[in-house]
Amino acid sequence: MIRPAFVEPVLDSQNCFRAVLEAMSRPGRVQRLTMALDAPAPLAPASAAVLLTLVDAETTLWLDAGAEAEGWIRFHAGCPLAAASDAAFLLATGTPPALASLSQGSDESPQDGATLVIQVESLEEGAGWHLTGPGIEKEHRLAVTGLPAGFVAERAKLARNYPRGVDVILCAGDRLAALPRTTRIEEG
Amino acid sequence: MSHDPGYNFAYLDENTKRMIRRTLLKAVAIPGHQVPFGAREMPLPYGWGTGGIQVTAAILGPRDVLKVIDQGADDTTNAVSIRRFFNRVAGVATTTRTPEATVIQTRHRIPEAVLTEQQILVYQVPMPEPLFRLEPRLTETRRMHALADYGLMHVKLYEDIARHGHVASAYNYPVMVQERYLMSPSPIPAFDNPKMHRMPALQLFGAGREKKIYAVPPYTAVRSLDFEDHPFRPHRADAPCALCGSRTSYLDEVVTDDRGGRMFVCSDTDYCETRQADQAERGEQAA
Amino acid sequence: MAYVAVKGGEKAISHAHDWLAETRRGNPALPELEVEQIEQQLGLAVDRVMAEGACHDRGLAALAIKQAQGDLIEAAFLLRAYRTTLPRFGHATALDTAAMRIRRRVSATYKDLPGGQVLGPTYDYTHRLLDFSLAAAGETPPPAPQAAVAQPEAPRVTELLAREGLMARDSESDAEPPDLTRQPLDFPASRAARLQNLARGDEGFLLGLGYSTQRGYGGNHPFVGEIRQGHVTVAFTPPELGFEIELGEILVTECQMVNQFHGSKAEPPQFTRGYGLVLGAGERKAMAMSLVDRALMAGELGEDRVAPAQDEEFVLLHSDNVEATGFVEHLKLPHYVDFQSELEVVRRMRATAVAEASSPAEKELAE
């Protein structure tokens, strides 16, 4: 028996999209999703909602969330699966694949760079990293637990390839925040 | 308010919305870069705002309050037509009051009122490529953007200055976004360009016929191209508004007779009406 | 001098639309056109709207023509806007035009050939004299004589040439062709994308371009290998069934233009084909399309790209009449703001020019 997806598909996905758009536009600001969603473990409500909102038969997906979650998203979104290096969207519930191994796009088509959704333990504003870049007036603070130790350094290395790059959406429970490729992180 | 049950909420089917939403996120992540998208045929003609309409339809929700302006005015025919369209297919609340709107779709103007973090400005874009008058081939301009090779545009502006003493572009004046991408601000007057710089609101641009979407995230650097010895200067008609007296707003010139008579009025109708109402109120209080 | 800001746009629009409806109906003393009459008696207009509207539905195309007062570009636009709202169940299998139930088939390259020449219902060889008998309520014409024998097999002319090795074969491919209604056109475009674009393209635009290749702008040396028009079967394989089912038949027109090719380092001299396929009876469009298709192959064949018809970006980005009419006609929308800023610039430039032109002495006089 496959668990249901959004209760109100049209309105819930619009609602979730606006949260992701807001997150991507104001990196480090934490958004909270309010729709009910009973996704199979280990999917957090936020990461499940983001996938339902953005992937479909026209996108490729890589995920490490096990057979039930994989079956669930494929049933509801109809998305073909791909290797991590080729996927347009990725969901990491465990250790994410190396950022440099993912699709970065080209200088002519940087939009082909992957979107990586990482499920983390917690997201809190006001402490932790110092974020600067487009979308941020002066500085946003974001504290993330549950990311691998080298994440910030790995991401900083990719910055010199701009406009090529990878955009990251962090999800914890029903909360999410985003790190587009333009955001600079200083560990604090 | 409810929407027309004959169509999906906000007209577009969910697959199309998802495709546009994915495009929008990449556009925000790469400020000023034109992202191709599978623009659909809309029930309004290409060139009449189909790009802006598709962007608005992909972001709009039942809690939004929509404002649509054309030439700064809520009551121009195309603005009326687009507002009616969304009222019918999305059933959303609409407003003419700039501060009340959560989504503002515009053609050719940025409102005079300072926009806030709670708002999204959606521009209708006819020609998204800032270099198109200098190089019509998309394969060429795509390469120039990849290399950030904008010499062609600098030469053009410099020739303007050599010939006329200043840049001969008065609208659709090219900007650099975050010092990386040359971008068309859409055909807004150059007067409005400075408003784009570090705007608190998210700015989204939709070009339906040319099938491109681009974006400027909040608080992002937007610089109108200029030269040290010829700095960018926005211009407005040198007159006060005949209705509200504003000396800082952008003005439309209205011809009043065939003997050279003319007057100037605010192009932003909400700004002008708000000022007139405030003045009337202050007048009553004083009386 | 009172000035009232322009108000009442909504009311004006509504009144304009009422007036349009009244104009569309014309003299109410005359019977109203029925959609079926348009479908039956203005069949070539219906076909053109189906082709450029990229939607095979005669009834809807006829309705669009009625709604648009016979403005065929407006009608194609109506049909396109409707088409985009339709759900997609999948892709039909490729049409087999070799198996066409032929009603017209002519070849300019062979006097006679297997399957024969079939004129079909053509305007060719009619004398273009206005037929005043049609102005009066005419009598129903007698049925046209039918051939006594069944239509023989009619192999395609290009296939006859290919068997001799004289015609380059187009490689068959199972690759999913691009869908221009879902993904934006990208350059360089595949031939499948080009043909899809041309099949939806404006007949007038393609006609002009095709004509230009005949006058030396692009240097085709075309012969009509074959034009065939008739019914082909549309089939679909639902993934859940796994076998093909026939959905029905549609009328199409196909043109294969045979062109000389001098050969290159890789290819010996041989003929190449320009291809045109149009929904319904659209012979002029199919012929023009096949000329333009061949011209666009210049790059692949190592020919110089010098003429407009050989310029892929130019042709494919300007062929769509729904896009073109929208953008040309948008110029009538308000541009007060842009024009105002132009006025300011032109006034400033004139002031500068006048100041520079007048000598100091004249300036003193003026003051």
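Letters A, B and C name the chains as they come in the text, with residue numbers starting at 1 for each one.
Heads up, the rule we're going with is that a contact is a pair of C-beta atoms (placed from the backbone, for glycine too) under 8 Å apart; a residue touches a chain by one contact, two chains touch by 3 or more.
None of the values given here were measured: they were computed from a predicted structure.
S.K.: Indicate the lowest number of steps between chain A and chain C, counting one step per move to a touching chain.
M.R.: 2
S.K.: Measuring centre to centre, with centres taken as mean CA positions, what chain is farthest from chain C?
M.R.: A
S.K.: Which whole number of Å gives the spacing of the CA centres of chain A and chain C?
M.R.: It comes to 44 Å between the two C-alpha centres.
S.K.: With chain centres taken as the means of their Cα atoms, state the distance from chain A to chain B in Å.
M.R.: It comes to 30 Å between the two C-alpha centres.
S.K.: Which whole number of Å gives the spacing of the CA centres of chain B and chain C?
M.R.: Computed value for the inter-centroid distance: 33 Å.
S.K.: Using the touch rule from the top of the page, what residues of chain B touch 2 or more other chains?
M.R.: In chain B, the residues touching two or more other chains are 36.
S.K.: If you look at chain A, which of its residues touch at least two other chains?
M.R.: Where chain A meets two or more other chains at a single residue, that happens at 58.
S.K.: Find every residue in chain C that makes contact with two or more other chains and list them.
M.R.: 182
S.K.: If you look only at chain B, which of its residues touch chain C in the complex?
M.R.: On the chain B side, the touching residues are 7, 13, 36-43, 45-48, 50, 70-73, 75-81, 84, 107-109, 126, 136-139, 164-166, 168-172, 187-191, 209, 211, 235-237, 242-243, 250-254, 256, 261, 263, 265, 267, 269, 272.
S.K.: Within the complex, which stretch of chain A touches chain B?
M.R.: Interface residues on the chain A side: 9-11, 13-15, 17-18, 20-21, 24-26, 53-59, 106-108, 110-111, 113, 115, 134-137, 162-163, 165, 167, 180-182.
S.K.: For a test of understanding, state which residues of chain B touch chain A in their complex under the given definition.
M.R.: Result: residues 8-9, 14-15, 17-19, 21-31, 33, 35-36, 58-62, 117, 142-143, 145-147, 178, 180-181, 198, 200, 202, 216-220 of chain B touch chain A.
S.K.: Under the touch definition given earlier, write down the residues of chain C that touch chain B in their complex.
M.R.: 1, 3, 5-10, 12-13, 77, 80-81, 83-85, 87, 181-188, 313, 317, 322-323, 325-330, 333-338, 340-345, 348-349, 352
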